[in-house]
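Both complexes shown next keep chain A, but they swap its partner, so chain B is in the first and chain C is in the second.
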Partner chain A sequence: MLALQILIDGFAISSLYALGAIGFTLIFGVSGVLNLSHGAIMVVAAVIAWWVGGFGSGPYLGALAGVAASLACAFFTYRVIVRPIQNSRAIPREEKEIFVLTATLLWGIMLQEAIAYFFTNNPKTVRPLVEGVVMILGVRTPLNEILTAVLSWLVIGLLYLLVNRTRTGKSLLAASMNPRGLTLLGFELSSIYVLVWAIYGVLAGIAGVLLGAFLGVSSDNAGVLTASAFSIVVLGGLGSVSGSLIAAYVVGYLETMTAYLVNPSIRTVPVLLLLVAVVYVRPQGLLGRR
Partner chain B sequence: MTRVLLIVLPALLVMALLPLGVGGYILGLLTLGYYYAVFAMSWDLLFGFAGEVNFGPSFLIGVGAYTAALLNHYWLWPIPPCLVAGAFAAVVAGAVLAVPALRLTGPYFGLVTLVAVLLLQNVLVLFAGITGGEIGLDLPDVLAIDDTTNYYYALVFMTVSGAILFGLSRSPVGLILQASGQDAIEAAALGFNVAKHKLTAFCISAFFSGLSGAMLIFYLGTASVGTVVDIAVGVNVIIAAVLGGRRTIIGAAVGAIFLIGAGEILRPLGQLSTFVVSAVALVVILFFPGGFMGRLLQAGGRE
Partner chain C sequence: MRISPGTIVLGVLGLALAPPAALAAEPIKIGVIAETSAISGVGIPNAAKMAAEEINAAGGVNGRMIEIVDYDDHNSAVDAVRAFQRAAQQDKVSAVIASYISEVVLALEPWAGRLKMPMITPGAASNEITRRVHDDYDHLKYVFHGYLASTQIADVVCEAGKTLMVGDLHAKTAVVMSEDAAWTIPLDEEYLKCLPASGIKVLDHIRLSPDTTDFTPIFNKIEGEKPDVIVTGISHVGVQPTVQWQQQQVPIPMYGVSSQATNSTFWKDTNGATDGVIFNMFSAPDVAVTPKTIPFAKAYQAKYGNLPGYAAYTSYDDVYMWADAIRKAGSTDPDKIVEAMEKTEYVGTIGHIEFLPKDNTFAHGMRIGPGYITGLMVQWQKGNPVTVWPANVASGKMTFPEFIKLPQ
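Our next item is the complex of A and B:
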């Protein structure tokens, strides 16, 4: 009974983690940027969905507004923060990475504080897209939890098709392997980066809205969300999408098991220990390439 | 070098004479700022010179602070041995963290240092019965009750630490560190032991962070997760160093004092104050990547 409960809850949480981390790893793979405002962008999506949905416009319009807000944030992050640093002549090349990290971190704090100012930092639960519960072999499961898992996998599947089956998607893949080669073939690298950030915005938005409906979100969660995406991505191997998927399930189940079997207050500790062990033994992560 | 002295000496003179002119409130604020300045300078030695991004300065600060706090609270050690023990514990913790972590580079090193902070925080909260957890551990001893005395302790401590760190950064060791930060392979090819120098830098950084952390809690009279371990503390240290101008040491101190002051001046804005401080820092990073001191110190110098 408890085992089944862990299996179901863990699956839903893990799918959500996978969706949240996949955009993060995509951006790193294609443009080499670690976006530390990730968690804050997810929070923005969830809170906007909650706010718009609260006007009686229904959960669907709210979810749409949330994803749109996340898309806008992603564009802003790229245009106003990441690209100027990448193009700056004043910053030496070997220090661009730390500047991007610091700047996105600051931007994340700004988003988080703005949300806390306008909407307070109380936890907010987005109205779920579907209501009701079903019994799966005697375990009470909200329909929303099933929808979360299904939607996450649907989006991941669509992303897979986009990257592997379409011409635009293949250019993304090529950019992650050899950006210079791609420019020599006549592709505009900057438009590929814009595309990647657009995909990222949609993914983070959907993940944020689903998270808001499933667990509820407060502006204080932004840091934790970024940290968990970061750890999943490093565990799976920076830039490896399939690695991130596996890592998301490892992290999701480890946390759920700790919460149910040991003590909910230490749910993140085993993950952190595992992360340290993996980074020492195999720094490239489960499926990463060096 | 003379340029630096020309800027620093008058500033120090003003700071030393300040207690004659201003009240206890501003002195208290600056005292806090000076301890933060040492955090930021130690961080700058590691990042600006060794090129390693330490996301967890508050791990080193926290280990130093809590070691001193526990010894003082439970065994009633007097303050000086507590400070020594705190600094020593931070060096040991830093070495344990750094020896394996320095095999890693870039984001991986950053992540390990970040995880170290999260683990320390979890441990402190988990053993709240001993450590006081989120509420904090009150200390039987304080450095001094008088504002002016506290202010001078902090000022002297910051000046001495700053002089050592700055001297180190301009010494041959500092140059080797800078070389290994910019191109580790070439530095190693020239015959320098990159790992040894980076480890030394980490230990020195840990020593001053831990000592400053221990001093800070004896000034505040209480050690809590929110003041010395929380990620937000580490983020502030990093912002201060980058804001003041990385690779200058002195800039880090200026950035830290500015940050503490700005946070206080903007307090009437309430929740928005953090927003404004972050926005200012972001603008400086985007438009003046050298920071406050970058242009001033490096205009005539090597770069």
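Our next item is the complex of A and C:
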């Protein structure tokens, strides 16, 4: 019974983690950017979904607005924060990564403070797309939890098809392997970057809205969400999408097991210990290439 | 035009020697330190400003106007201490109203003593605040506790529990679920004593980390223990456990302290998941605890668009009490203000306020009991907070959502 409960609960949270981390790793893989405003963008999506949904427009329109807000944020992050640094002649090449890191971190804090200012830092919960519970072999499971897992996997599946089966998607893959080679073949790198940020915006938006409906979010969560995506991505191997997927499940289940079997107050501790161990033993992560 | 050095000297002399005509009308400043990005937090300066406007419209204090100087402490003790020092040393305030977070108030307390700055908290609950005043009165007499101590709050919850839980619901067992924080240590200690005394056996005592986001394992554990009621001590985490309780349809009523549930926005913040949650308050917008309660709640809503949270009522009363104390003291001398404040007999929005004497364990805390401050139990019902206890002021009966299975 308890095992089944852990299995179901862990699956839902892990799927959500996977969805949240996958955009983060994609951006890094393709354009080499570690976007530390990731958590704040997810929070923006959730809070906007909550806000728009609160006008009586229903959960679907709210969710759509949340994803649109996240997409807008992602574009803004790329155009106004990241690209000027990448194109700058004043910043030495080898320091650009640090500049991008700092800039996205600060931008994330700005977003977080703006949400706290306009919507307060009280946690918000997005109205779930479906209400009610079902019994799965005696475990009372909210329908929304099942929907969260299904939607996460649907989106991940679509992403897989996009990357592996379409020409545009394949160019993304190529950019992550050899950006220079791609430019020599006549591809415009900047348009690939715009595409990857657009995909990122949608992924982070969906993850944010689902998280808001599943557990609820507050502007205070922005840092933790970034850190969790970061840990998953490091564990899986920076830039490796399949590594991140596996790592998301490792993290999700490890946390859930700790919460159920040991103590909910220390649910993140074993993951952090594991992360330290990984950095020691296998710094490139589970499936890292770099 | 050429200005001669003589003119400048004369001008400077003139400025320096000018009679301090403005001084007589100089405002009395009251510092307000709170976390303004939280709904309950921003209620503190909002309500204080309302009180100041009312006092000023009625002629001020000893011919001087009250001016509220507000500081955002971002819920951080470090920022709050900095704000407190600034208030005392640069802005020259005469008294301070500070924070609803026990950890922050406990950090400010020694500074109130060092800087001899009268201070009151409108919402922190730790017993430690008044215990320190009792133990080191000479240094810390500047600190007043404008909210109830956790032990007193637990006593109100237990007292009401005799009628609501034991009497009406026939509850026999409970699990205590509290967040890990300074204010819940004495709260839980008292729960574990007073619940059995009220006829409720405590099956388990769960302290959860304030940064918990997934409460499924906790509710799962509680449900396995089959209690009749979950007795809560939650503040910072309030929204998430409430929403997950409803989403997972945990069939056990939640009853006790849930600070965020006192905000009128809580219904919207939880998308109505709070339906059926019973929480403790000292004044509610639907109950005339005193003749001042409802007019204040209405005026606050008209001005700020939402109903006041718990710390707004007390912050409003605190400004009036400081003003009275300064009026009686006839000056802004801190020792005289403290002396006058100790003699407070004020009917505020939360009841008849008197401060306990220095030899009481809750020195400078408020007196509770009939005729003073009694407390209420309020339940969220279909979008509205409805007072369900005590019977003489109750505006409705308890009802629960369908997924709750009441003890037989």
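Throughout what follows, the second predicted complex is superposed on the first by the 290 of 290 C-alpha atoms of A that agree within 3 Å, B and C clash if a C-alpha of one lies under 4 Å from a C-alpha of the other, contacts with A are read in each partner's own complex, and residues count from 1 in each chain.
In this text, a residue touches a chain if its C-beta (ideal position, glycine included) is under 8 Å from a C-beta of that chain, and two chains touch if they have at least 3 such contacts.
This is a predicted model, so every value here is computed, not measured.
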### Query
For A:5, is the partner it touches chain B (first), chain C (second), both, or none of the two (neither)?
second
### Task
Would you check which partner chain A:88 touches, where first means chain B only, second means chain C only, and both and neither mean what they say?
first
### Task
Classify the contacts of A:231 with the two partner chains as first (chain B alone), second (chain C alone), both, or neither.
first
### Task
Pick one for A:270: touches chain B only (first), chain C only (second), both, or neither.
neither
### Query
First (chain B), second (chain C), both or neither: which does A:140 touch?
second
### Message
For A:34 in the superposed arrangement: first (chain B), second (chain C), both or neither?
### Response
first
### Query
Of the partners chain B and chain C, which touch A:169 in the superposed model: first, second, both, neither?
neither
#### Entry: chain B versus chain C as contact partner of A:99, first or second or both or neither
first
### Query
Between chain B (first) and chain C (second), which does A:221 come into contact with in this model arrangement: first, second, both, or neither?
second
### Query
Once the two structures are fitted together, what part of chain A is touched by chain B and by chain C alike?
116-117, 265-266
### Task
Please name which positions on chain B make contact with chain A in the complex.
47, 51, 53, 100, 103-104, 106-108, 110-112, 114-116, 118-119, 122, 125-126, 181-182, 231, 235, 238-239, 242, 246, 271-272, 274-275, 278-279, 281-282, 285-286, 289-290
### Query
Contact residues on chain A for chain B in the complex?
34, 81, 84-85, 88, 90-91, 94-95, 97-99, 101-103, 105-107, 109-110, 113-114, 116-117, 223, 227, 230-231, 234, 238, 265-266, 268-269, 272-273, 275-276, 279-280, 283
#### Entry: chain A residues within the chain C interface of the complex
5, 9, 13, 54, 116-117, 120-128, 133, 140, 142, 144-145, 215-216, 218-219, 221, 224, 256, 259-260, 264-267
### Task
Would you pull the chain C residues touching chain A in the complex into a rising list?
37-39, 42, 180, 207-209, 211-218, 220, 238-240, 243-244, 247-249, 260, 263, 265, 268-271, 273
